[in-house]
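Chains: A, B, C, D, E, F, G and H, in written order; residue numbering restarts at 1 for each.
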């Protein structure tokens, strides 16, 4: 498509309908504009039903509402708003049909799409206090078109709870392993599963958890293969990446 | 298959050819043995030509040689040895047909298999000092059956070198982004590509790089979606994960 | 016991009263269920009068109340609630006969049991600001069935206060040494006593105490034998461990 | 000029109009007073229209108002107030014609001077959350007499936005590169531009950004030449330094 | 006994065979000498067959030899030397019948005593690289009179290896859990066992293990009850503490 | 004196007026009681007019009032209360003639004594934001009987302000150097003065000051001789130590 | 020039001598190639006599020699080699007329150019141990065409040594302030001078200098305006930046 | 004296024997030269028998020898060389009558002076591994004219060893408390003594001692009054400061 534009421009030059000078100007601007199309596959994927994302933290409720409205009126079918405060949800709800999930501080416009991934994304947490991050991850993956299996509160100090779900873990296309405190969940899951595991350290804990640092270091040092790590509390990033992996097969076609 | 074993055991009990007591013993051991098959898909994948891995650090040359010999005589077609010193290579070479790649401290037995992944894994580095980690990643991915495209020395302080390879980046199934110092490469690549990016901070640098901490924190904070991080200098882990993602499509079948 | 179940199952298979297929399913689930009984001794101990524990932080007052009610109606004689806010105490008190100790933020249902340990657990603190953590430790140990001797405000900068209690220290079965700031108490007590010393760094302090890090590192570096450390401010963990040690003799019988 | 004073004093001594004793006293005080003129060039610069600065943090609104009033009545044409709270702005506005820019928490008295630098100072930010620091930098540079070009939200994960402004970057006399999270902006800009780049890490971010530490380390490790770093969130310091560089040419004359 | 001495002194004063002045001097020295008997129980235990300990690091081979010789000739039956270099072992062996275990850098004089503890101490490690620390712990516990069960290389990324030993874990009187890298072993074992677990982080690892810091923080944050932590690589301290707990029952008598 | 008591006791034993048994008991308690007199000189010093100290942080206003009242009624002439909130001051003022200095959060009962030290203690600060810590130091030193010279806002970025007071610095018996941010003041003063310099890092600053860590490390690394450091914001500790040094000469007599 | 190329291409299309398809291909490659000229001014500057730089660390002596030879034969007049070991110097000297300065580990080919900057760059150090970093900075600036004034060993603990050079500091166009330990030099110089000060923390020191961290944090917190910081021990970066600033005036023309 | 010089200069101006211009030049240079006398008292003290100091680390043996020779030939009676390697000692010994103390890496020229302080400086260490730092401190204090009492290996885990020396501690004019590992010695001594305590953390230890950081933080957090801290392993600084305090009384006269 973009090649078509260049071709059209060149043809216009050849045909004399565009001066060399004007073509020079357009081409000088082109390289950077071209890069605006840097993610064609993803864009395509998104246009096929997945969501555009607004990072809500540090934005006023009104800013969020206006961006969301602009996206929808611009043709975007679905919008995902992360780190959305209840106050922002109230403001957006007054203007748009918002589906607000307070636990994960997630706002949804346009509904969750039908899953169209290759399999299932598992979102597992060590404890109940990790649920907000887990919901952010799970809803992000769902908005990107993945089927999500939630395995909450399966921390390693009660191993039987985790092992009772060994089959879900082994069947998954990608797993998001979320844990605070000592973060051992990622290693144990990484040893059980044979798909990519995206580990999310959380800031849950106290004392020597140092705001998630203990879990972060623990996860980075995981001896299990196939484990990688995102930022502390970055549920969205993990859910997005897991959904991306869950769509690798389809993309191949 | 494993169900078949249980079924056979139960049938033997029913038929009286196995005593209840003996069956009890076998079943008590079973659950844990069963977990030994925890990664059937991967095992399958490995049996189809990919390599078994020996982590060479902290092992004597003789230990490495003996483990390698045992694996090969046990039917393993290929063996990958990481963090292998030249001394260990000399010892193993005396006994086995070793292909030793000194730059990445990688030893290969049985040769690199034909690629059978979904596409290409790109391994990109910020500077020439990151090459050892990069070769560890690239050879790991190749031994796991991926085609690897090496983009070395494309650091962000000379952006044109990286942009000159934008097409390879956009075509990749998975990218390993390796950088020391400030680690910005992962973010820039994450912004250009639309496949999973596995970031590897390296200990290359001095002063406030603090042995790779600066690059690690930088990569964890990447604003780009689809980026996750492994341990400092963990080229193998990144190459393995990238190859795993590169085989997601085939697995789907 | 669990062997009996397997034997019964196998006998049923042999006798034809259970199909091989159904037995397969039950056995596949078994290993994980089996692990549910992983702590029989402790469970037994707890059933003999000690408390079930609810970690109150991050739970709403209503959640705490409902869990507590469920435990009690499920036959649990006593319930210990840690990190319980006064607000939660008010809500629980309205429904259940709660004994709330505000200093340690501990709630008790069912009363403190008669001590049935081997001897005495000493809970010692460096300063008066460490009392909340100390009370959490002391009440945890008491709820687990230990007799507790409280030695508060015996910090090492006034050594005579500590030495005046040398006899209690030497007579103890386990000692919980709690200190913020420089955390020297654990080393000094470790040098005086000859029983296990569980050190608890506290976040009491300012400046270079860095939220308890100084005390934590100090305690980890203790030159005295028999000293081990739990997380900053983890009074419950220390009290629980001390009570466990205080019951080692009984368990032996 | 200051030599003139000494000369006058010496002449007074020679002429007998000043006693040796009194001269001794004046000269004993002189060295330190003399150092009060330690920045003659800058003072000159400032007298030619630039601003005196009040650091507003930790001062009461009344203190700020009184200092500002004293400066203006002392002949200072312009005053720049940084880290100024809206409360302080309200108090000062009641007494003086304040131009308050809430985004950057900057108060201006006497207006922004006509630019008299050598060229343009570019202030670039990675994200919209960095705007407060950016405005502090931009207004500081403007009050010091520089023309400022604002390039906001040109973070490296969307490289085309930055490249679209490559020309501004290449034309600048000095660039202030402001970014939180991974701080890669400084390296990328440092690689594109050939003027001094003053990098400002910001505390924007969460988790492993550790209050700006990740961006700080990243920027210190920049591989690009010509990049130096100021304290986290120190927009003023960066803007001031950039303006100083932007006046180097004029000073040469 | 010590009371007997005081009584004898007082009787001597009463009987006039000791002057008041001389008694003053002796009593002034007494309190501190008295504290020399601060650990009577332990001393008793040690006299009943357990070992005196020499910390070998930072001592010359000759110093170690001389201290060992002095201890033996002073009546000590057994001597345990930790952190002993092969060089020191050579020097000591030339003079004394040393049993040197190079893996754990442990020297033994007088042989390992018959176990006289309450049960078994389990020493478990995550990987083979942790063996030196593990042997230091195991031999320390054995020299203190405990029976030791070694479970090596049972890291959490291959959970079945650990679970295959669940029974040993559940039967133990105390467990030393040793792991580098992510240190998850302590949490998983803490969840399986119901005896005190002494966790030892090791400096095994690279990159973000930061010399054992990752494992240390992970273990301190363990969610499992009954887990406490000693210094990085402190195998001796953990083995000593585990043996102390393993003798709690006997002491009770 | 204490020898006299022992002598009296022994004489009583010799004379038969005290039984051997009773003497044993008294002597067993003695060592620890004796240590209660561990600081006789200081106590004497304090009784000669200096103040008893109450650390106000973490105490309720009522606790502070009651302790103060007890001290005064127990014969203490003066009481110094540090880290005292305005709320606590209000409560204490209602009951006692409190002299409250809000800037340093210091409460004084009994007035400041006449200076009786050897010379002058200088309290110097880098900036105006360090004043609360400085006042804590200055008033502590004054309450301990020292004459205090306050040199505020003499930071090293405006060296002439500091040098203008070179004579006070050179004449001092002890100097308290207080600075946040980069903490360079201690080194510069240490180079100018030839008396002990007690450096106090403050938590004043932002960004990479990390709550005073930057100033703390800077001061610990001071190249100047005679400089030592106390905890961040520990004005009291520095003032107390400086006053102690300022009384060394008198003590010698 | 580059516009000329585009114009030529477009003209060729218009004239039919280049097919539209071929032009598309060339233009698609263009943007990135174009960026290869991203630093035209600097390149120009360098061609006018300044040096090309080889970072010697991590390169073999032979690699350095070959790169240097290639640069010289490619027309480069001068080459600067940093972090060059004596071994590398020996190898290069055998082939090329190398001027090796061992103190700064700097190799020079083609000689130092005549200074053509606007004024003088001052390189100041706190102690003699900082000299290697200082020489790296000074020679880098000289090779970039600046006149350098070396003020070595003027640390702040002996202020008079620094003040004796106040005039040089005030006359400088840019100052490189190099210090380890407490790093106070940057602040003091920043307060005296009115030109940009580039601060270089060094790893000189011990204990709490933590490899330069103390000096780094100190310099980042400098209260003086006009101070910015580069990486620990990065003498080259500072010298390069100072020389860049020293040429700002010339560039303006 | 210096006033005399100014007066002479002014008189010369008045009398016409010095031109105004020449006086201007001399006066412009004066202030800085004047500061060269900044430490008259100390210098005087040193001239009265104490030592000049050479910091040996980072200097070649020849440099040390030459500086020492220059000092002696310049009239210095005694020279103290710290951090002196055996190699340097050999070189210096060949030329000068060196008294080398290898344990503390201290070289002495001119002998140790007769003590002329007010009392005794106690140097106490926690363990035998701290001896090198302790000897550096003790010899530094002795070279500065203090009588030193060495209390080595009195760590807090064996409290009786320390308490046996309580009298020495209470009689001291200043105490240097040296300890690695947990650094509790400073707090305990600070609680026993009533003179200034200079705490020296040492890098002795392993694991979580982090090169002395644990001891450093512990000492900074000491609850005992009168304790201040110097850099890790800075025996010289502590000994120098203690000797300075030990001479406060004499100076008063």
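Assume contacts are C-beta pairs under 8 Å (C-beta built on N, C-alpha and C of every residue); 3 or more make two chains touch, one makes a residue touch a chain.
Model, not experiment: these values are computed from the prediction.
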item	value
Contact-graph distance - origin chain D, target chain F	1
Chains contacting each of chain A and chain F, listed by label	C, D, E, G
Identity of the chain that, by mean CA position, is farthest from chain A	H
Reference chain G; chain at largest CA-centroid distance	C
Copies chain D and chain B - interface residue numbers shared by over half, same or different	same
Pair with more cross-chain C-beta pairs in contact, given D-H and A-C	D-H
When chain C is superposed on chain H by its C-alpha atoms, the rotation angle in degrees, nearest 5	180
Centre-to-centre distance between chain G and chain C (centres being mean Cα positions), rounded to whole Å	60
Whole-Å gap separating chain B and chain H, where each centre is the average of the chain's CA atoms	56
Approximate Å spacing (C-alpha centroids) for the pair chain F, chain G	50
Chain C and chain E, separation of their C-alpha mean positions in angstrom	24
Multi-chain contact sites of chain F, meaning residues that touch two or more partners	31-32, 34-35, 38, 159, 163, 191-192, 207-209, 213, 216, 220-221, 225, 231-232
Touching pairs among all chains present in the structure	A-B, A-C, A-D, A-E, A-G, B-C, B-D, B-E, B-G, C-E, C-F, C-H, D-F, D-G, D-H, E-F, E-H, F-G, F-H, G-H
Touching residues (chain side chain H, partner chain F) in the complex	35, 38-42, 45, 118-119, 163, 166, 170, 173, 191-196, 198, 216, 220-221, 225-232, 237-238, 240-241, 244-245, 248-249, 251-252
Residues of chain G defined as touching chain B within the complex	31-36, 38, 57-58, 201, 203, 211-213, 216, 231-234
Interface residues, chain F side, partner chain E - complex	3, 6-7, 10-11, 13-14, 16, 20-21, 23-24, 27-28, 30-32, 34
Contact set on chain H toward chain E in their complex	128-129, 159-160, 163-164, 166, 204, 206-209
Residues of chain H defined as touching chain C within the complex	126-127, 155-159, 163, 181-184, 186-188, 190-192, 205, 207-210, 213-215, 217-225
